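What follows is a structure written as structure tokens; I'll ask about it next.
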Amino acid sequence: MAIKLLDVENLTMKFEGLVAIDNLSFSANKDQITSIIGPNGAGKTTVFNCLTGFYKATAGSMFLNKENEKLNLRKFSDYRVAQRAGVARTFQNIRLFPQMSVLENMMVAQHNKLMDASGFTLLGLFNSPSFVKKEKEAVEISKYWLDIIGLTHRADDDAGDLPYGDQRKLEIVRAMCINPNLLCLDEPAAGLNAKESAELNKLLLFIKNKKKTGILLIEHDMSVVMEISDHVVVLNYGKKIFEGTSQETKKSPEVIEAYLGTDE
Amino acid sequence: MDLAYFLQQLINGVTLGSVYGLIAIGYTMVYGIIGMINFAHGDIFMVGAFVALISFILFALTSIALPVVLLLTLLIAMVFTACYGWTVEKLAYKPLRKSFRLAPLISALGMSIVLQNYVQAAQGARIKTLQPVIQGGFTFMEETGFTVSLSYLQVFIVLVTIFLMAIFTLLITRTALGRAQRACEQDRTMTALMGINVDRTISITFIIGSSLASVAGMMFVMYYGVIDFYIGFLAGIKAFTAAVLGGIGSIPGAMLGGLLIGLIEVFWSGYISIEYKDIAAFTVLVVVLIFFPTGFLGKPDIEKV
Amino acid sequence: MEKNFLQSSIKDSLFTGLIALALFGPIIGLRTVAQNEILVVQPKWLLVIFIVAICAVGRFLINLYTFNRDQKAGHQSSIGKSIGNFLDTKGTQIAISAIIFSIIFPFLPFTDRYLMDIGIMMLTYIMLGWGLNIVIGLAGLLDLGYVAFYAVGAYSYALFAIHFGWSFWICLPIAGIFAAMFGVLLGFPVLRLRGDYLAIVTLAFGEMIRILLLNWYELTKGPDGLTGIPRPSFFGLPFKSFPEEGEQTFHTFFGLEYSPMQRIIFLYYLILVLALITNLFTIKIRRLPIGRAWEALREDEIACKSLGVNPRNTKLTAFAIGAMFGGFAGSFFATRQAFISPESFTFIESAIIVAIVVLGGMGSQTGVVLSTIFLIGLIEVFRDFESYRMIAFGGAMVLIMIFRPRGILATRKPTITLEKKKG
């Protein structure tokens, strides 16, 4: 039995009367890929925004099991979710730092660690050896990930100058630099061609298998979802309409109805 | 006595609030449509005040009846000042629509410096004094020892403001132009694809905003009787505060905000401290932006992730 | 085709002329002047006709030029770009020669009192520019009230020096800390505001400080200003022509003839050192995690949050450090002038410093130097034409935003590179 990583119960999000998420409960396991799928406007990204502290959920609970600790995600607001609970995320419309180099993007992701090492800047100003060492380590970690996605040769170029597919991958490994417990990916395959999609699958499986990081995935590209998900949650109009393995999902009449509609 | 004093402050506050409200409409409309703070708007108001001043001086040499003079000056100020608004938009903002986010703001700052110093160079740095145009008024509560007076000028200012407000609200809510404006606020690209001339809509927004500011300028020069090239700076900030207080993007909000700022300023100077009267407006600005950024009638601005 | 173009172009010029007439007719053409305390209008139609003609003809020539250029297609001048490239590649050499030049400047044969004063003024602005560059250029926070920190620095320096008689080197850090504290005090509530709101709130804050200085008479002497601020001394050796009995002064100690230039030269080096410290500090801090976080925040705040970067603290640090350097510059200003009043700290000063940073290229240290030389030079050359120079100044801000929105030096170098680490 897999270990439970994320436990969402009765999550509800209302915007001035509009119910975006309605009493949603699901869970995600460690070293598994959990996909959230559903038609446009089903509330998938809103789930992410609640999880990662960008929105304050109206009701419900979200718990993250971090080693032996049980963290209440609702207690953390915006940046603290990433800093304290180690929940990293990417965005539908890629959010890199376009005018900064690829390596700098990776370094910013290791900010908190480096900030401590630089003695809140004071030690860093005088090049203290401990800080120099930590910084070297951070560069090595960045290089490790860049090697994996094959972007090491472009480390010193502006991130905004990379081709689209590489930007997507960079955003994912940048999120990995915070050493997350849970990685939330918002449509990582959007706009990728078949070859790039395949590479993405490989990267995600690598993160899951080798890094033992749980992944929560929002995706429209069914080839990605079906191929790599261990567990699928289907949303429609903010409600969970189905939950199961990818094989079960394919056959479920509710899911087919939500996607294709019914004849009336 | 206390009541009389209070009433007097109320009357003065409403008058001043009308002036701020008229300027605030320009801020709010421009902000609504292109999402920028038109920093030079306060100076457009100042130009309007100067045009009105010049017009009054010229009419004083003729023997045209007062109501006609007022009407003509109103129109002259609106037309000439609108040209300024239009030109400023064409020169300083239009080329920057696709630039980075602080560019229009800095450009507007530059334009504000240009306008101030241009008027200073052309009209001189000294303050300009205008002889009262409308005199007399009503007085109340004389028996209490402290007279409350409501001048004809104050009545004129408030009535004209209400009249213009009504007309422009109708314009925005009931006409094709207003629809085009509201469409531009939502999505400029889409509006252009629907065959609406976005550039022209934005230009017209600036023209309307500037002409209302010029009316405020005319009121200002009539009410205070003195102006200089620098009045736009403070009045601009206060009117912007009014726009934010009312809810930026909302025209009734701008008017409401203007009224409140006018009242706050007058009551502050009347009851607390006249030296720090400008601090009152600034404090309101800071407090509102921090705790209450949507204002009274604004729409909440949900951060899109 | 040609004829059509000519026709529309003439129409366009006439329209431009008409607009120009509307713009300049009343304001320039009808100058109001007071005669016996009553305003009368002095017509200046010749001037208006002249300006309108220039506008119309100018418009026509521009039309003609763009038409010809479009015919040839593809030909575009890029002087700005080539200057930028040149400076980017030769950056270090230029920086070193500039520093050497500024060190020997006081002893060059043509250097006189006037040039020294301008040198000191430019260095003060360069220092302010570098300080504000942290806030605007790196952290991307448009602060229109920077002069407030300059004022806080100047007044706290002056008050401590006058009332406690402490020396420059003690008061300087105190002034810096005071300014930084004000930075935090202001920054704490306002830094979560969006860019343009932040700009207007900082502007309001700057004005509030000025109004406070004007009206808090017991402390600041209001519009009269503070006088008798102690002049700086050379490590305890004052600059005085007539030393008191037994007192060592700068010239007696070094066995020199007394000259008022000695103090000026000392002040010059003082501000040079302060400015260079600001610069070195900024260059260094940009390469530290905090500096990288500033730039990341400027690029995308939401992405920063998703990576666990605390936006408020990060911005607050930028604000406080920027304010601190403003405070240092303010203490220098106070000790140099020996007199300060709220008049020196108006909004226009903030605007000038913002313009220096923006024109230079946000985040570029060399850019700040270049734009200071250009803008302060411009203001200085036209010093007898008070309002015309400010028109040129404001116009320059608009033109830069239109033609080179990223400033003179737009390229940025990464703060850390992989190649160098390996090599």
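Here the chain labels run A, B and C in written order, and each chain numbers its own residues starting at 1.
Convention: a contact is a pair of C-beta atoms (placed from the backbone, for glycine too) under 8 Å apart; a residue touches a chain by one contact, two chains touch by 3 or more.
Given the structure is predicted, the values throughout are model-derived calculations rather than measurements.
The central chain here, found by comparing per-chain C-alpha centres with the mean of all protein C-alpha atoms, is C. Ranked by the number of C-beta pairs in contact, the top chain pair here is B-C. With centres defined as mean CA coordinates, subunit C is found 43 Å away from subunit A.
In this assembly, the C-alpha centroid of subunit A lies 48 Å from the C-alpha centroid of subunit B. Distance between chain centres (mean CA atoms), subunit B to subunit C: 30 Å. Contact of a single residue of subunit B with at least two other chains is seen at positions 303, 305.
In subunit C, the positions touching at least two other chains are 302.
Within subunit A, residues 54, 91 each touch two or more of the remaining chains.
Contacts from subunit B toward subunit C in the complex involve residues 36-37, 47, 50-51, 53-55, 57-58, 79-80, 83-84, 86-87, 91-92, 95-96, 99-107, 109-126, 128-131, 233, 237, 240, 244, 275-276, 278-279, 282-283, 285-286, 289-290, 293, 303, 305. Within the complex, the subunit C residues that touch subunit A are 281, 284-285, 288-290, 292-293, 295-296, 299-300, 302-311, 317, 412, 414-419, 421.
Contact residues of subunit A toward subunit C in the complex are 52-54, 78-83, 88-91, 95-101, 103-105, 107-109, 111-112, 114-115, 117-118, 120-121, 124-125, 135-136, 139, 143, 152, 155-156, 174-175, 177-178.
The residues of subunit C lying in touch with subunit B in their complex are 19, 22-28, 30-34, 37-41, 140, 142, 144, 189-190, 193, 195-197, 199-201, 203-205, 207-208, 211-212, 214-215, 302, 347-348, 351, 354-355, 358, 386-388, 390-391, 393-398, 401-402, 405-406.
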